[in-house]
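Next come two complexes, and both contain subunit A; in the first it sits with subunit B, in the second with subunit C.
So, the complex of A and B:
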C-alpha cells in the first residue's frame, strides 16, 4: 500500500507539471488549430532563466519564476507573430537543418557525412514547409498553413534547445530553490517539499486559468473563437488578441512548469524539453480542445508513469509474472502510449474533448 | 422619391466589386444606400451575392479569401472598406449571420456577452442586456442553458439579441426567417420593426420577399452580382417582375404566353 501511495504522490507531482504543459498545448490548439511543440523551448528557457535569477543574478527562486513566466509569455507571443511571416518559416526550416548537421557532426560522425546529412535534412525541411504552404486548403483560423506551422514549431524547439545548450552547456545545473532536499513523512509516504510546492503552484495557476477562461471577457472570446472563429470576428472579437493571449498563457505555464520541474533534487539540462513529447500523449488522452481534459490527461499520465516505473522495478508478490525487468528501463514512457491507444479506441476524441471538433 | 432618402445616409456602398480567391468575381458595380432610421431589404436568388455584400460591409471577406477590389464603403461618415471587423463593430455595425451561427457550446448568457465584447462600459452592457431580455422574454429563463439546445426560433432570437448587445447603429440581418415556422417569421418581423423604431437602421437580406418588403422602406434586387432594381418597398410589391420572381404571384391565365415573356425579362436582368 505504501508503495502505491508513494507512486501516487510522485505521480500527482509529475502529473501536475504535465497538466501545465498540456494546458499550454490545448489553449493554443483551441485558438489556432496548431500544436505548438515550441512549448518545450519555453519550458527550457523558463527553467534556465529561473536558474540564473536564483543563483547568479542575485534574486531568489520566486522572483525567478515571475521573471521567467513574463519572459516566456512575451517570447511565445513574439513567436506567434513571427510565424505569420513566410520568411521566418523558411529561415526556421533551413536553420533546423543546419543544426541537424551540427548535431550529427558533434555526435562523432565524420564531417562529410554530417554535412551531407545536415544539408539533406535542411532541404527536406524547407521543401516540406514550402510544399505544404503552396497548398491553399489547409489554412487554419490563424491564417497559417496548419501542418507547416506545426513543423515550424518543431524547428523552433530544436533551435532553442541548441541555443540553450550553447549558453548554459550540457552540465546538470541546480536551481537555488527554498526546498532543497527537505521532506515530510506522512504514514510511510515520503512527501518531497519541492513536489508539494510544484503541485501547489500548478493548482494555483490552473485555478486562475479556469476562472479567467470561464468568466472573463477574453476567456469567453477565446472559447467563442474556438467554436466559430468567423462568428467571433463578427462580434468584434479581435483574433489577433485572442491568439496572442493564448500564446502568452501557453508560454507562461510552460515557464512555470520548467521552473517547478527543476526544483528540489531535480536538475536542469537541455534535454528537459523531452517532457513535451510525454505531455503530447497526455493532450491526446485528455482531448485536444479541453482544458479540463488537459488536467485529467496530465495527472493520469503522470500517475501511470510513476506506477509503472515503481512496479516494474519492484514487482509485487501477487503479480503472476515474477520479474518484469525484460520490459526494459524507461518502459513507463512506453506505457503512456499504450494507455493512450486504448483510450483512443474507446473515446476517439479523448477523455473530455469536444465530440465533434468543428473546423471552419 | 420617398421621404426616407432625405435623411442622413448611414451606409453608403459605391460601385463595390468583390473577388474571391483572386479570380471569382462575385459583385460588380454594386451601389447601395441605407439612410438613418430606414429598413432596407436586399432581395436576390441564391448565389446572387447578397451574403458577399454583407461580408464586404462587415469586413469578413478576408476570412473567405475575398477582397473588395473596386469601389468604396462609407459607414456613418467614415470609410469602412478594408477596415478591421472589430473596428466596424465598435463603430456601430452589427451582423446576424446566415444560419444563426450562435456559439452552440457556450451558454445563452455567454453568447450575449460575446456580443458585448467591444463594449467596456458596464452600465451600457446591462442596459443592452435588459433591452434584449425585453425583446426576447423567451431567453430570460434559459440564460444558463447551453445555446445549442435552444430551438431554432430561440436560436435566431439569441443571434439577434447577441448582435443587439453592441447597441449598433446599423443591424445587418442575413436571412433571419430561414427555416422558421410562419408564426415565428411574423414574430421576427415584428422584432425587426421594434428594433428599428428604437433607432437602429436595418439592412435585411431575405428570401421571404413578402415579409421583407412589408416591413421595409426601400429595397434592392441583386442578381448575378449586380443591382437590377431598386425602389420604395411599396412600389416593388406592385412590380410585375418582383411579383413573379419573388412573390410567386401571377395574373390569371398568364401561363401560356407569359412564361415566354418572363423568360425574356430574366434574360434582360442578367445581361
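So, the complex of A and C:
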C-alpha cells in the first residue's frame, strides 16, 4: 500500500507538470489549430532563465520564475507573429542584436560596448526588416498546409535547443531553489518538498487560467474564436490579440513547468525538452482542445508512468510474470505512449476531445 | 501614332513571337501519353545522358579539377554514398507524405529495421547480398503494413503524434533487444557480404583497374537510387499514384469516387511501400556505416528526412534526391570549411572556444531551413525550379 501511495504522490507531481505543459498545447491548439512543438523551447528557456536568475544573477528563485515566465511569454508571442502572421521584424531585430552582442563580446570588447553595439545592430536590423516587409506588403493568412506549421515549430524547437546548449553547455546544472532535498514523511510516504511545490504552483496556475478562461473578457473571446472564427471577428473580437494571448499563456505556463521540473534534486540540461514529448500522450488522452482534459490527461499519464516505473522495478507477488527486467530501463516512458496508442484506437479524438466534423 | 495603331502593332508582334515559339519546339501535348512520358523533350533526354555520365565517371574523376572544389572541402565519395542512401529513404517518405499527405515522424524506425535486419542476417546468418537486400525491404514492408492500419486510422495532428510515439517505442526496442541490436552500444555490420555474383563491392576490379569501397559503393547505391526513383515515378504517374494524390487532396471525396481507403487500401499500401523503401535504404546504410547503434535512428534523423523532402519539394521525386544531397552534404561542407578556414564563432573542434559547435550549428541550420522554406516557399527547391522554368518557357510574357 505504501508503494502504491508513494507512486501515486510522485505521479501527481509528474502529472501536474504534464498538465501545465499540455495546457499550453491546448490553449494554442484551441486558438489556431496548431500543435506548437516550440513549447519545448519555452520550457527549456524558462528553466535556464530561472537557473541564471537564481544562481549567477543573485536574485532568488521566485524572482527567477516571474522573470522567466515574462520572457517566455514574450518569446512565444514573437514566435506567433513570425509563424502565423509572417511578421519577422521583431525576430530578426532581436536575433541580430543578440548575435551582434555575442560577436562583439567574443572579439574582446567590454560589456558596455558589446551591449550598445548589440542594441544598435538590433535596431538597424529591425528597421531594415520593417522596411522590406512594408514593401512586400501583407501576405495575408498563411497558405501553409497544417502540418507545415507543425514542422515550422519543430524546426524552431531544434534551433532553441541548440542555442540553449551553446549558451549553457551540455553539463547538468543545479537550480538554486528554496527546497533543495528537504522532505516530510507522512505515514510511510516520503513527500519531497520540491514536488509539493510543483503541485502547488501548477494548481495555482491552472486555477487562475480556468477563472480567466471562464469569466474574463479575453477568456470568452478565446473560446468564441475557437467556436467560430469568422463569427468572432464579426462580433468585433480581434483575433490577433486572441492569438497573441494564447501564445503568451502557453509560453508562460511552459516556463513555469520548466522551472518546476528542475527544482529540488532535479538538474537542468538541454535535454529537458524531452518532457514535452512525454506530455504528448497526456494531451492525446485529454483531447487536443479541452483544457479540463489537459489536467485530467496530465494527472492520469503522470500517475500511470509512476505506477509502471514502481511496479516494473519491484514486481508485485500476484503478477504472473516474476521478472520484468527484460522490458528495459525507462520502460515507463514507452508505456505511456503504448497507452496513448490504445486509447487512440478506441477513441480517435481522445477521451474529452471533440470529434472533428469535416466537410467535403 | 494613334492608340489603335500602337495596339495593332503590338498584337502583330505577339502573334509572330508565339508562332516562332510553337515552330521551334513542340511544346503542345496532343495526347495523354505525352503528359506521362518520363523524358518528354530533348532537354530532359540530355539531362538523363548527363546524369548517366556523371554516375559512371564521378567516382573516377572525383579528385580531378572541378570536383576538387567539393572533394577538397569535406565532401568525399563516401558523403555522396550516404546522400544516395538518404535519397532512397527520402523518396520513400515523399511517397507517403508528399503524395499521400500522411505526415510520418517515424521514418527513422523503418530505416533502423532495414539496417538491423541486414546487420543480423548478413553477419550472424551469413546471408549473401541478393538475399539480404530483398529481405530488408520485405521486413520493412511487413512492419509498415502492420503499423500502417493503426496509424492511418488517425488524421493530421493525431497521426503526427502517434508516429512520434513510434520513434520512441522503436528506440526503446533497439536499446533493449540486446541479442539482435546489441543494445545501447550497437552492433557491427562489418561481416555483411556486399558481393553480387562475381562483382565484389568491397574490392572491385574493372578493366584491369581496382577500385576501393568508396567508388564501388557509389556505383551500387546510386544505381539503386535510380531504380527506386524510376519505380516510384512509375507508381505515382499511373493509377495508384493518382489515387494517392486524390487521398492527399481530399480523402472523403476520394473515397466517394471509389478509391479504397480501408484497412488494405491505398493509405496502408503507401505506408507499407514507404517503409519498404526506407528499409532498403537501411539495408545499404548498415554496410556503409559498418557499425550501427540506436543513436543513428533518433527523432532527429526522422526530422532530417522531413527537412529533405521539404527542402527538395513535397510531391516530387527529384526533389527528394536534391533535398537529400543538400542536407547530407551541408554538414560536411560546414565541417570542411570551418576546419580549413575557420568561421568566426564556430568551434571546429570540441577543444576550441566559440559560440556554437559544428554539430549544434548543423541542427540549427536544419531547423532554420525547415522554417524558412515552409514560410517562404513551401514547395521547396523544386517549386523554385518550376517557377524559373515557367518564367523562361513563357518568356517574354513572364507573368
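One rule holds for everything that comes next: the second predicted complex is superposed on the first by the 292 of 360 C-alpha atoms of A that agree within 3 Å, B and C clash if a C-alpha of one lies under 4 Å from a C-alpha of the other, contacts with A are read in each partner's own complex, and residues count from 1 in each chain.
Note that a residue touches a chain if its C-beta (ideal position, glycine included) is under 8 Å from a C-beta of that chain, and two chains touch if they have at least 3 such contacts.
Fair warning: this is a prediction, and the values are worked out from it, not measured in the lab.
**Q** Clash or fit: subunit B against subunit C, after overlaying the two structures on subunit A?
**A** fit
**Q** May I ask you to decide whether A:67 touches subunit B, subunit C, both, or neither, giving the answer as first, second, both or neither?
**A** After superposition on chain A, A:67 lies in contact with neither partner.
**Q** Contacts for A:221 in the overlay, against subunit B (first) and subunit C (second): which applies, first, second, both or neither?
**A** The answer is first: A:221 touches subunit B but not subunit C.
**Q** Contact-wise, after the overlay, does A:75 reach subunit B, subunit C, both or neither (first, second, both, neither)?
**A** The answer is neither, since A:75 touches no partner chain.
**Q** Taking the superposition as given, does A:150 touch the first partner, subunit B, the second, subunit C, both, or neither?
**A** The answer is second: A:150 touches subunit C but not subunit B.
**Q** Check the residue A:230 against both partner chains and state whether it touches subunit B (first), subunit C (second), both, or neither.
**A** first
**Q** Could you look at A:9 and tell me whether it touches subunit B, subunit C, both or neither (first, second, both, neither)?
**A** Neither partner.
**Q** Figure out whether A:354 sits in contact with subunit B (first) or subunit C (second), or with both, or with neither.
**A** Only subunit B; A:354 stays clear of subunit C.
**Q** With both complexes overlaid on chain A, does A:83 touch subunit B (first), subunit C (second), both or neither?
**A** Once the two structures are laid over each other on A, A:83 reaches subunit C alone.
**Q** Looking at subunit A, which partner touches more of its residues: subunit C or subunit B?
**A** Touching more residues of subunit A than the other partner does is C.
**Q** Of all C-alpha distances between subunit B and subunit C after superposition, which is the least, in Å?
**A** Scanning every C-alpha pair, the shortest subunit B to subunit C distance is 14 Å.
**Q** Would you please give the residues of subunit A that touch subunit B in one complex and also touch subunit C in the other complex?
**A** In the superposed arrangement, which is not itself an observed complex, subunit A uses no residue for both subunit B and subunit C.
**Q** Which part of subunit A faces subunit B closely enough to touch in the complex?
**A** Those residues of subunit A that touch subunit B are 136, 217, 220-221, 223-224, 227-238, 354.
**Q** List the residues on subunit C that touch subunit A in their complex, please.
**A** So the residues of subunit C touching subunit A come out as 103, 150, 153-158, 160-162, 164-165, 168-169, 172, 175-176, 250, 252-253, 256, 299-300, 303, 306-307, 310, 344-345, 354-357, 360-361, 363-364, 366-371, 374-375, 378.
**Q** Mind pulling up the subunit A residues that touch subunit C in the complex?
**A** Within the complex, subunit A touches subunit C at residues 29, 35, 82-83, 86, 102-103, 106, 142-152, 154-159, 161-163, 165-166, 277, 280-281, 283-284, 288, 326-331, 333-334, 337-338, 340-341, 344-345, 348-349, 356, 358, 360.
**Q** Spell out the residues on subunit B that touch subunit A in their complex, using ranges where they run on.
**A** Its residues touching subunit A are 21, 58, 60, 63, 65, 84-86, 88-90, 95, 97, 101-106, 110, 113-115, 117-118, 162, 166.
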